Amino acid sequence: MRFDLDDDQRAVRDGIDSLCRSAWSPASARRHGAGDDDAAALWRELVAAGWPGIAVAQAYGGQGLGTVELTLVCETMGRALAPGMFFGNAAVAALVEGAGDDDQRQRWLPGFASGEARGALGSLQPDGTGLALDAEGAAALVLVGGGRAMLVAAGDCQLEPAAGVDLTRRLSSVTLTGGTDELRGDLGTALERVEVALSAELVGVAQRALDLALDQARSRQQFGRPIGAYQAVSHRCADMLLDVESARSAVLAAAWTADHSPQALPFAASVAKVSAAQGAWRVTTASLQVHGGIGFTWEHDCHLLLRRAVASGHLLGSPEAHLDRVAAARGLGGAAAVPTAQ
Amino acid sequence: MDLSLTPAELEFRDELREWLAANRPGPEPGDTEAAIDHRLAWQRTLFDAGYSGIAWPREHGGRGATQMEQAIFNEEMVRARAPAPANIIGLVMGGPVVITRGSDEQRARFLAPILSGEEIWCQGFSEPNAGSDLAALTTSAVQAEGGWVVNGQKVWTSFAHRARWCMLLAKTGDDQRHRNLTFFILDMKQPGVEVRPLRQATGDSEFNEIFFDNAFVPDENVVGAVGDGWNVGITTLMFERAGLSAASALAIQLKLDDLAALIRDRGLQDDRSLSRRLAALVIATETMRLNGYRGLTRIIEHGVPGPEGSIAKIQWADINQRVGELAMDVLGGAALLADPVWTRWMLRARANSIEGGTSEIQRNILAERVLNLPRMR
Amino acid sequence: MRFDLDDDQRAVRDGIDSLCRSAWSPASARRHGAGDDDAAALWRELVAAGWPGIAVAQAYGGQGLGTVELTLVCETMGRALAPGMFFGNAAVAALVEGAGDDDQRQRWLPGFASGEARGALGSLQPDGTGLALDAEGAAALVLVGGGRAMLVAAGDCQLEPAAGVDLTRRLSSVTLTGGTDELRGDLGTALERVEVALSAELVGVAQRALDLALDQARSRQQFGRPIGAYQAVSHRCADMLLDVESARSAVLAAAWTADHSPQALPFAASVAKVSAAQGAWRVTTASLQVHGGIGFTWEHDCHLLLRRAVASGHLLGSPEAHLDRVAAARGLGGAAAVPTAQ
Amino acid sequence: MDLSLTPAELEFRDELREWLAANRPGPEPGDTEAAIDHRLAWQRTLFDAGYSGIAWPREHGGRGATQMEQAIFNEEMVRARAPAPANIIGLVMGGPVVITRGSDEQRARFLAPILSGEEIWCQGFSEPNAGSDLAALTTSAVQAEGGWVVNGQKVWTSFAHRARWCMLLAKTGDDQRHRNLTFFILDMKQPGVEVRPLRQATGDSEFNEIFFDNAFVPDENVVGAVGDGWNVGITTLMFERAGLSAASALAIQLKLDDLAALIRDRGLQDDRSLSRRLAALVIATETMRLNGYRGLTRIIEHGVPGPEGSIAKIQWADINQRVGELAMDVLGGAALLADPVWTRWMLRARANSIEGGTSEIQRNILAERVLNLPRMR
């Protein structure tokens, strides 16, 4: 057993990290959220470098790398506050590849893999409408909810901008205007892979919040000392580290499990999502507290991270739903357990 | 011990309720500036009816009621969902400081327009590099002909753009840590004062920054002795919380009723985990309300607010933040959509453990001043 | 409104405090728990000074003081780690007075009030047996459970020593051998008064744990400073203060409510029990942590306080049951809410 | 990254499982001393089968297996509900320190009897006034003819009454804070050593106090340089945790299975609040296990255990304490009765955040040594 990245995996992480650092910034994230066009340029760079197909099978034009590699990209993107296009496209590709039929795969995967016909992810609301993330310009959407996943071509739905909690991804309400195409395969496993990728993004968000808090703790002086010298701050930072590292361990293990031990994936995915969602919430709120007043200003990135932690933490299966699933496996929690992916 | 209202308190409350029923303020406008206008008009209405400065002495234009009646007034306002008067900082902090620490001339000049809302006050304590640490303030006041010349910057001042007067703490010496500050009443309507709105994480701009570029304060606007500003400032901060926590608790209980309704609306009423979290918040809020009245009794019997106010401040922030968290979990997947009420609550509550003294500073105060534990510094 | 003790109430508190300080100590509590006879002497002193009847109506030989006065005695006794005789007798008197009929009152209350025929409290288990606290030598027991309260004369049951969590009160298992006499009146209100008295004891336990922690924080030196100078310790102590004061406010308010505003008692009693039970657990465990290793020794009082917090916190209605009741009043928590007094 | 066992690891595990199935230790006796005898016999059985000192080098009598195999061994022992070998302190701390810091003569003298269990080791670090603060140690060693004379007191030493050797940290100078300690191997079987059992809050006596009254240590039993004891001691403490956390996590998971059964037995399986608390503990324990393996990989690749072990220590204490709390809430009114399993667990877990470095000290270590935050001292 060797629980650490190998050299190829490090190269993946360093590659996407350097692309994000040169092509994206929190300022870009703000402009994207506000409706400007920065994300299109980022997406073109991602496409040019072949990132969209990283985890799509080679048969459909992807690189066929594993879920571990996918989560490394997602974590780095979360840390960079990158928009939801990469994640949405990768998620939809994983759903179609894992739960679609041959026709669906043939039709959509090559475009998702090359990035030329991007996919976007959304949730299906009980009233039959959807809510999708960074779906403008996508070729197709997959809406997930109530244990089903509906594939919708861009021409068969209408998008209206909606006000989201998260300011770094654009939220749209989706009205279906034409046909939908259900993914009837093993949706559970495919969704769990998507949850793991989403959890990886949350680890990145939490890591960024910790990085910012550490900078503040070292540089901000009060009462003649850097505030990081006070245990009220330093112990809070230690707890943040504990949350970030635990969530990272959980996500890496779940990603590896998805590819090598799928029968263990349901538990591993729940561990990843609960650790990442609750961890990101605790770490982003703690980071704001360490920052004090400055962390509560619009201009500071603290609230962008916190908002993203809230939105992604509740996307797909909520932490509560995953806790219920883990409890149900032990005969606990009653019959009315919330479905995992809402 | 008697937790029932005295006949006088009952009469005060019933009269107030009757008056409130007849004089309900309309709904608060969404726009920030319009909301301030609305709250100014409401203060004028209160003033005209004798409900401004409830516990201020009659000789200073107040109603001369007890602190307990002030608290009852606060609770009734929350219950009627009336807004706070626009000049809340003048009423709660500025006036009491002028009354207890000011000169007769200052009382004559400043008190009446506070009560009527004619002159709004703001508070200039915090600075970018001095949040909790008042000794690190750098805004300076240098003696000049007939007064003081002020340079520097303050942050987190509410109402600054509408205020006539600023309670200013500025450095007037270099010698000792707490002996180099002086408390001024600074005229905001002068060329050397610039106010810029400060946008918060919520997107709102409740607060401002103030920049002083050779602003002037005449000698007669120094409160207390030169160099004694730290003590005067601390008095101000203590008045801030006295009597407010019971009303704050009531406001949270009303919100918890809304949250219970949200849980039922979303069909989650059988989820024991959510319902126990809500019940725990209801109970915590009730203890905050009771702590508030117990503290108020102590204030009435011993004269000044004590450091126990820190307990209420910690509880208030903690409860508000947990309410926000619970709301997000109740909304579940719908937490993606910005909810006009709950998203804002969740975000705004994060500042509650920072503003008005961080929860860390409150714990320092409890440890050092109530429990007499040794200080690290 | 005046939320503070008046002079008479202070006199009650100071009186019982001085009796406890002269007649009881943690060492006595240990000996009592281990089977020695110290508590009998304490009880004789209490009887001689008239304490057992403090809250019993004058018509039955008591002093007819209120629930506030009763809780002041209970808090002081909790702080002193006094045995359960006073509380048990007062509880049983409150149950008979509040929920008994005239015959039951006439028969038992004079003995409870004078202390010459002491009462003891126990819980009625689902299997029909009971568990009672400091019941040896009592003239009668009241066993509470399943929404019922059964009065049992000492001659109609057998007591067997049982190993309790708490080492400062003796636990007995109770087997019924003769008739029982049900209390058929307003049991709910009477039980709530008892819960408030029990909560007061817990406030005393928590206060003692805080007192010990503060002594330790001021005197124990590590790294060249008293440990109370470190925020890891001082902030913990501040949180303990918050818990103790909140529980005290809740108990005083509930006690006053019991006598002056009974319709508001159910909520007030739940607030008191939850605040006191959870507060005492947090404070006693935090106190042990502040003490470090020495706090984990058998000889130190930390574990006596912690054990008592556990036992009393779960006696009668558990915090969970009270939370469910508060939630139920808001239409939440489902139908299967746990009954408040088990 | 590969979370599956290598063929060699698989072979090691399967062989071990087969051996365990054939060589199950009987149930551990309730009596403390009998339990130590039982664990001694078990260690001898392990030793005879080549399962003592799994990751010790072959040249020092160990199995020469990898650290990963040591961790697999630990997990399998937990799974088989086998007790820890009696000389766990010698195996986990004493031996590794002698191997990495000791002289050839020390290796020749001390290692073999550690492996067989012939000589039990104990650890003499803590003192009544020096728990977290090793610089405050007062037990002294004064140079004499051919060795050192030791006076003072140690606390919280397990197995001291059965131990032959004590890893002793004692003051050998007055100069600097961390430069005045020396690490000794002290013979417990001498007149100057008195051992008294220390009774804990649980009622058990797992630990002892040791009193040294002119006890003697010959020069050849100094480990490392005189005055370098702090560094040697820290190495010991770091070995303490490496590779153990995965097995500890497994032990907790087994306990959580029991707790789930208790919830069902008490008919509380539909209580969503209890079930989510249990699930959260299952998940926290799994992340502790994963952190353990990730840390172990880092140790294998970088040679020495790092300060990240503090994460596992904090998690372990926190989880154990929450398990105890949940058990009390599940027992409800029955929590009055001392439960042989859960009451003991609840009480014993309170020491977990104190023993082996308090959770506060672990957070200091993470803040200062992993996050490079400034130190207060």
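Per-chain residue numbering starts at 1, and chain names A, B, C and D are given in the order in which the chains are listed.
As a convention for this text, contacts are C-beta pairs under 8 Å (C-beta built on N, C-alpha and C of every residue); 3 or more make two chains touch, one makes a residue touch a chain.
In UniProt terms, the chains line up like this: A, C = Acyl-CoA/acyl-ACP dehydrogenase; B, D = Acyl-CoA dehydrogenase family protein.
Everything numeric here is computed off the predicted structure, so don't read it as measured data.
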- Query: Is the number of contacting C-beta pairs greater for A-B or for A-D?
  - Reply: A-D
- Task: Starting from the Cα centroid of subunit C, hunt down the chain whose centroid lies farthest away.
- Result: A
- Item | Whole-Å gap between the CA centroids of subunit C and subunit D | 40
- Message: Report the inter-centroid distance (CA atoms only) between subunit A and subunit C in whole Å.
- Response: 51
- Item | Per-residue multi-chain contacts in subunit A, two or more chains | 230-233, 235, 320
- Query: What parts of subunit D, by residue number, touch at least two of the other chains?
  - Reply: 270-273, 276, 360, 363, 376
- Message: Can you tell me which positions in subunit B touch subunit D when the two form their complex?
- Response: 271-273, 276, 376
- So, in the complex, the side of subunit B touching subunit A is made of residues 126, 128-133, 135-136, 155-156, 198-201, 203, 270, 273, 321, 325, 328-329, 331-338, 343, 346-347, 350-351, 353-355, 358-360, 363, 376-377
- Note on the structure: Within the complex, subunit D is touched by subunit A residues 1-6, 9, 68, 214, 217-218, 225-226, 228-231, 233-235, 237-239, 241-242, 245-247, 249-250, 252-253, 256-257, 260-261, 267, 270-271, 274-275, 320, 322-324, 326-327, 330-335
- What part of subunit D is in contact with subunit A in the complex they form? 1-6, 9, 68, 257, 260, 263-264, 269-272, 274-276, 278-280, 282-284, 286-288, 290-291, 293-294, 296-298, 301, 308, 310-311, 314-315, 360, 362-364, 366-368, 370-376
- Query: Contact residues on subunit C for subunit D in the complex?
  - Reply: 123, 131, 133, 145, 162-166, 171, 221-224, 230, 232-233, 281, 285, 288-289, 292-300, 302-303, 306-307, 310-311, 313-316, 318-320, 336, 338, 342
